[in-house]
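Here subunit A shows up in two complexes: once beside subunit B, once beside subunit C.
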Partner chain A sequence: MSLCQVNMESRKKSLHYFYEKVVVPLGFKFTPDNEMMNFLLEQEVILEGRHGIPFCPCQPLRNDRTCDMQIVCPCIPFHRKHFDDIKRCWCGLFVHKDVLDPDKLPQLPPKEVKNE
Partner chain B sequence: MNKGFIRAISTSEIASGGMKAVELDGSEIVICNCGGKYYAIQRRCGHMNAPLDLGTLDGIYLTCPMHCAQFDITNGEALSGPVPTDTGQEIPPPSLGRYLQNIGMLINHVRTESVRTYPTKIEDGWILIRL
Partner chain C sequence: MKKVTIYTLSTCPWCRKTKNFFNEHKIPFTYTDYDLADEPTQKRISQELDAAGATGFPYVRINGEVIVGYQPELYSEALAL
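Up next, the complex of A and B:
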């Protein structure tokens, strides 16, 4: 548990700043769904307050550092092939830069992705 | 006009994106150059007093070199607490393990506070700071 009183909006803004620098060179961007983006960033701030690290809000922690570090947001580099196939990251905070309607992108696990 | 402001350093002493520590009237201060805009904050981290000028400045966000707590240099606000460190897979000798455990327990009780900021102004190529 973190002993740091964090202002939710300030932290969301700073995470947005840092994440953008990572995901844009990877060909991704923040989801255009602002409500979803704000909700997911908020969950990450809560997780960061709890664990000290902003983990992906949609993937389970396994208490194994090697596994858990692969779901630190933005986790795109660790799941590149999968996320490139589904054109979004697992939680949907990031989508491929050419995506306009994120609602059309299903959250498919790797084994259900049909590769052409 | 400049009441309370003290001449600190020349603007040419800090490149854009850089930081410099100064001591003014006994106060340790870090001056940050954020794209030509200058901010002054207390030098000591709001977590465990590490010197923030040895950290990383990215835009308006400063990351402490010791435990990676982050601060907004425009208002000194603490944005995150310390990041847990990786002690690795190797099991330390018992005496060192006990020491690290003790330190870890103590650190868990340390609150991360926001840091103080100071008004700045530029005059004749000098950065002035009001304490």
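Up next, the complex of A and C:
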């Protein structure tokens, strides 16, 4: 295993450890899809290497600090209503604590969410 | 043939799934990876996202219809598959 791979795995573990402490009190957990979780964490390590911050891998950087800080993972507090409604965060790294099958959760944008 | 344009991020797994959907259905499409694009292109895509009320990727335009997020059922409907 190369030094680069060691750093990648070690950083993924660190992010996992840190994120869990933040998202569990918010009623979320890591997706049970391990392959997806690993891929997303890997992308965040890459983004952190590129920008110094582990941004969401599925939302755009706007080159505007206020906007960009709202997509730093875990970005749940900035999109609470939307993510509570769709029971996942946008990239799907986190799902509501009661979700067992993340594949059943559509990736709906805010304007398509039907509130009951 | 409907014109399909996709905006994606190179780091986004749902964007990859979206491209796979169109490839598997043999639907030709053009795509731009927002994060790898130059600044004017990013600005243009940002404006389009804002106009559509989209906050994330993938962003798919099938003729005039915009579909935000990985939503294969909606892609099929829009393409009449």
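Criterion: the second predicted complex is superposed on the first by the 110 of 116 C-alpha atoms of A that agree within 3 Å, B and C clash if a C-alpha of one lies under 4 Å from a C-alpha of the other, contacts with A are read in each partner's own complex, and residues count from 1 in each chain.
Just so it is clear, a residue touches a chain if its C-beta (ideal position, glycine included) is under 8 Å from a C-beta of that chain, and two chains touch if they have at least 3 such contacts.
Nothing here was measured: the structure is a model prediction, and the numbers come from that model.
Visitor: Does subunit B (first) or subunit C (second) touch A:Pro74, or do both, or does neither?
Guide: neither
Visitor: Quick one: classify A:Arg11 as touching subunit B (first), subunit C (second), both or neither.
Guide: The first partner, subunit B, only.
Visitor: With both structures superposed, pick whichever of subunit B and subunit C touches the larger number of subunit A residues.
Guide: Comparing subunit B with subunit C, the partner touching more subunit A residues is C.
Visitor: Taking the superposition on A as described, I'd like to know which of subunit B and subunit C A:Arg65 touches: first, second, both or neither.
Guide: first
Visitor: Hey, what residues of subunit A end up touching subunit B and subunit C alike?
Guide: Touching subunit B in the first complex and subunit C in the second, no residue of subunit A appears in both lists.
Visitor: Which stretch or stretches of subunit C touch subunit A in the complex?
Guide: 9, 11-15, 34-35, 42, 45-46, 49, 53-57, 68-71
Visitor: For the complex, which residues does subunit A have touching subunit B?
Guide: It comes out as residues 1-7, 10-11, 14, 17-18, 21, 48-49, 51-53, 65.
Visitor: Which residues of subunit A touch subunit C once you look at their complex with the stated criterion?
Guide: It comes out as residues 36, 39-40, 43, 46-47, 56-63, 79, 90-92, 106-112.
Visitor: In the complex of these two chains, what residues of subunit B are touching subunit A?
Guide: 47, 58-59, 61, 69-70, 72, 77-84, 86, 108-112
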